[in-house]
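Paired with chain B in one complex and with chain C in the other, chain A is shared by the two complexes that follow.
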Partner chain A sequence: MEERPCAVLLKFPGTNCDAETSRALEEVGFVTEVLPVSALKPEKLVGVSLVVLSGGFSYGDYVMSGRIASLVTEQKIGKTLGDFRDNGGYILGICNGFQILTQLDLLPSGSLVENASGRFQCQWVTLKNLAPKSPFLTHLPEEFEFPIAHAEGRLVTKEAAEAAGYISGGVAALTYRDDVNGSFERIAGLQDESGRVFGLMPHPERFLHRQDHYDPDWKGTGEDESRGSGYYFFRSLHESITKSN
Partner chain B sequence: MPDSSTLSVLDKIAEAPADHYRVLKISDLDGDTLLELSKFMKLSLSREDMLAVQEIYREWKREPTDVELEVIAQTWSEHCKHRIFGATITHEINGETETVNSLFKTYIRDVSQRIFDQKPGFVLSAFHDNAGFIKLDEELAICLKAETHNHPSAIEPYAGANTGLGGVIRDILGAGKGAKPIGSLDVFCFGAPDTSMDHIKAEDVIHPLGVMRGVVRGVRDYGNRMGIPTISGAIQFDDSYIYNPLVFCGTAGVIPIKDIEKKVESGMKVISVGGRTGRDGLHGATFSSAALDTDSHESDQQAVQIGNPIEEKKAADFVLAARDKGLIGFITDCGAGGYSSAAGEMLEECGGVIDLDQVKLKEPGLVSWEVFISESQERMVLAVKESALPELRKLADLYETELTELGHADGSGILKVTHHGKTVCELDCSKLHDAPVRKLKATWKKKTSPVDAPILTKPGEALKDLFTDFAIVSREPVIREYDHEVQGNTVLKPLAGASGDAPQDASVLRISGSKRLMSMSVAILPEWGKTDPYAMGAACVDECVRQMVASGADPDRLAILDNFCMGNPDAEEELGALVETVKGIAAAAEAYGAPFVSGKDSFYNYFETEDGPVSIPVTILISGMGIIEDASHVIGASLRRPDSLLAIIGHTKSELGGSVFARRHELANAEVPATSLDEAFKCYRQYYEAVKQGLILSAHDVSEGGLAVTLAEVAFSGKAGLEIDLCSLPMDDDASKAAMLFGESPSRLVIEVAPGNLERVAKLFAGLPFATLGRATSSHANLVVEWGKETLINEPIKELKSLWKNGLAQYY
Partner chain C sequence: MRETYEISDRFIEAGDANHLLYEPLSSGLTFRRTRRYELEFEGVRPPMEAFVRKTLFDEISQEFHEGEEPALKGFTFFLDYGMKPGALDLEKETILRYYSGIKDPGFTLKDLKIRQRIYLFGGKAEESGRFVRDICNAAIHQWTVTQANA
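Now for the complex of A and B:
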């Protein structure tokens, strides 16, 4: 039997999407470990293919979202995550995890600030797949839906031109079809130059099954109609990792 | 310690000057002085209660410490002990007198017990634990608990609602050996958002809009941070809630059946996990057992706290990990009464010692009673084997929560509390729970009378008018502030259908580790209770049950909770309304075989305004959990096909009372429709048969706004127009057009069926009220309702939806 790649899900106080994200990864073939940050050491990443920062409110996000989590991570393991990526490792940040990744400078620079509405927004959005070759998106169509649930998902850059450059340069992997939260260039997800670090505000782990969709008559987009688009997000990732190993 | 700048009653009777505790000489005091002492110490104990306490200490031939008095006050407070539901009530109904020996025993517990006996193995735990459990499958059980946090939310809406949800989540964490919270419900009663300031007849009362915004944000910030989806809820708007808003918070949980039973054994260590203890939250339990006035907005600030959801999240992660490792003997939350209640509950049979010197404090200088009764948030209390301590400490470090050893259970039957090397409390636990039974009087007289229905000249305009009413407009701006999809299990969301924003009835959660799902719903109809509380009670149970059944739940596997709120229980007519409500819910629960598994009540929701006291109407929230056998049984409330047929289940009555239409058309005291319980339940069982056979495409309950509103809501998915004819509507002979379109008779469902399946469905309902109403059509996008040749309504669905969607959005 083929060996299952190992994913570590970092858990900060206030991280709360680790269980369902772990479930999603297991379903597509990963072995997972949820690792509370108190136990984080550089050697914990040895033999690991994927590090996931899942959604939630790390340390409450009372100061800028993801800020404290990024400081604690750096204090615990320094630049280990950068080395991990350079050595072929994959890093995924979902929602709060995306916020943390931007704070850790593992993604193109930008900040996730309060939505233009000033509200927390829990809703479904249509996303455009701008990077069909991304290891995270190979099995997803040009357009698909994921749910979002965030108060601070508006991606801003110092200059508006920077965000436009992310679109032309190919690091903006996902955009919202509609203006959902005021994000520059409607950016919903970013990847780094290596393609192995990926951050997105929407929640693929909440859409593993067709029945997770709000419309009871939603037709699946993948080969298995009982599956939701989120499943194919994780499956793309699993396939990319097993191929590259 | 209470203010001692002047020589208080406390100083006069204390044996020694203020230290960390005092012995109080009460044995020779008269009733007046005892009452004065109770008021001074904010014990909320009555003269009779204080005399009973005095008697207990006379028997023991000693004097109480202030800690002991506080412990007794907490234990006997309405909040903890439900004294009014246990009272002997002389109830006069339409001139005839009856005696009720405990509303709880007669109408809640005994009714439920009879249902438990009929359904052995279904209810696994009820009434004695933090939440009631029902069996989901062979391995897992689910539970639900709802609480109110009314007084704190009136004074500080954000913090009050915040800690209200935080508290009920802890109830679930402390249910069994620790259940996992999987979904929350929130139900609010406010004054209308457009209330004029001149209309508020007291100072310092927060405007309903401020209350609403604060409360919603409070719930949002706790629920979202805890990672528990807020999936179910309701908001009622009525002037009577301006001074006393109501905030109900509920949470459901899941647990392995083997972890439900918990026990304290002699020798076990008592530990506290989570937050530290401070002066915040002193006298919360006794404070919520008294009425509000303008002064409350200043003086009771101490009783309201700010929540810290991350502290609770860390404690929750710890508790669930510890449970899975089998390290927990007993667990309960620190809620009302703080350590005194938690330790009291834990050690009431076994007895044991708590050392207050071990308690980790937020600030120095707390005296003994403050440490013991402080309701500081985010604390859980556990009893564990000593051998488990090292591993528990490791887990606490892993999840970054603080673990403190407080004492141990010793088998003595005595609750002993020490502080600074002295015994500050030594109580026989069995005595703590013998509060005197109250004797109360209640009266209720029929208030309704037949009222002629108004002649509808323009039903379409009346329908549009209803879609602007706060009772009906979309709660979308509030719902979207809550993360209702975290945990990835929300199959039927509060807003769904092809458009993603159409209203649903119950919400449905997948349960990790099971093939079965959980349906959850709420029902609250205060408008009905103003004139007919019995009908309100029955209809609330009906609506809650009906919503769960509509979503695909098995009608024979439902359980419900009763949460009561009322004004002044010493006012005979108000108490009479309560008694009638309780009778109503009991009759419906028994007819439906839906047992109560938990409940809570909140009294003294009245306010002294410039114009005299204003009480809320007796308000009952029925919330429920039900089991859905298979994911294929889940049914939403929105139209799915452009060519399907629509049918109605249930009988339309002529009465308009309690309806939104009646309120808008000022039909005062109109008769309220009764619930035909037996017929309704037969319909629900047949509907479930149809669900199991895959014959139902969608189903929406008929509730606020009546049939016309329901039909429009069904079509809000945007799939098609509707062509309806009311000719064959099963109804009273004398039902008016208003009653047909806008009456709110209970027990009705509008269902969508594929044309080829109609005959099979109709057969299932032979002998029951059932009729085909019309069809979906792609030839137009209007709601067309005819009655024979007369067109009653012909309105673009888009226009109705726009009214509905924007009604609340402009205020929130």
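Now for the complex of A and C:
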């Protein structure tokens, strides 16, 4: 029997999307463990293929979103996540998890700040897949939809030219088709140079099934019409990990 | 010893101040927010400032200001507000808990006071009362209003 890859979902006080992300991962074939940050130790990542930082409002978004979670993670396990990546591990950050990954310097330099609208935005967005070879995106088409729900999702870089470089350099894996929140270059998701660390503001775990879509007549874009695009996001990842193991 | 820092955002433009009020004003004020931290500490200054920069400041998206001088210019007035002493300030507690987990911080943090600062631009200073009424909660907040000519 094929061994199922193990995913650990780190849970901080205020993380609130771990259960549905765990369900999504199990649906595509992962075995999952939700790990409270209080129990986080380097040895907890032994035998693990994927670390996931789920969405939510870790530590109430105090100071700025993701800041305290990144500091506490560093305090507890130092540079272990970097070593984990260097040893072939995959890391995924969704929404607040993306904000934490940027703070941990595991992704190209950038910060996620208040939306240009100054408001919390909860809506569906169309995304452009700029990295079809990414382990996270192989089963997704050139354009697809995911929902977003964030107040601080505007990706900025110290200089605007840096963000333009992310597009030309291939580390901007996802962009919004429309200007949703004022993100530089409309960037919605970033990957690191290795391709194994990936962060995105939209929520793939909220679109596993066709009926999750706002349009009851929506037709699936993948081989199984009953599946939503989020399913194919996680399936891409599962396939990449099982192939690389 | 006591040090004061004010952190402002580089990328967030001044917004319509009516968004802060229950009933709009007609005078077209705009606003910007900053955060002000007052630290009381013992020991040497460099590790304390390194802590502040690492914990409370984002060098990509923010600007760092030291001292009492307001970080922004051209305002009509600003409103500082924060939790009353004795009221539970969860943000402060979170920061202090993180500080207490640092093995050798190199200084002793005795107290931390966090204030939200809202700068109002345009309009009249007399309109500050409306902002105090709609933003501050007398049960839990302390606040001060500072006029530009103060």
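Simple rule for what comes next: the second predicted complex is superposed on the first by the 245 of 245 C-alpha atoms of A that agree within 3 Å, B and C clash if a C-alpha of one lies under 4 Å from a C-alpha of the other, contacts with A are read in each partner's own complex, and residues count from 1 in each chain.
Note that a residue touches a chain if its C-beta (ideal position, glycine included) is under 8 Å from a C-beta of that chain, and two chains touch if they have at least 3 such contacts.
Everything numeric in this text was worked out from a predicted model, so none of it was measured.
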Applying the document's definition of touch, where does A:D192 land relative to chain B and chain C: first, second, both, or neither? neither
Contacts for A:Y59 in the overlay, against chain B (first) and chain C (second): which applies, first, second, both or neither? both
Quick one: is A:D215 in contact with chain B, with chain C, with both, or with neither? Answer first, second, both or neither. first
With the two structures laid over each other on chain A, which partner does A:E239 touch: chain B (first), chain C (second), both, or neither? neither
Kindly classify A:D105 by the partners it touches after superposition: chain B alone (first), chain C alone (second), both, or neither? neither
After superposing on the shared chain, does chain C or chain B touch more chain A residues? B
Of the partners chain B and chain C, which touch A:T157 in the superposed model: first, second, both, neither? second
Determine, under the contact definition given at the top, whether A:E26 touches first (chain B), second (chain C), both, or neither. neither
Set of chain A residues, in rising order, touched by both chain B and chain C: 59-60
Write out the stretch or stretches of chain C touching chain A in their complex. 9-12, 15, 19, 54-56, 58-61, 90-91, 94-95, 98, 101-102
Complex contact set, residues of chain A against chain C: 59-60, 62-64, 67-68, 71-72, 75, 109-111, 113-114, 118, 154, 156-158
Chain B residues touching chain A - in the complex, by the definition given at the top: 220, 224-227, 308-310, 313-314, 317, 397-400, 479-491, 493, 495-498, 500, 512, 631, 634, 636, 640, 698
Within the complex, which stretch of chain A touches chain B? 11, 13-14, 16-17, 19-20, 23-24, 36, 38-39, 55-57, 59-60, 119-124, 147, 149, 203, 205-206, 208, 211-212, 214-217
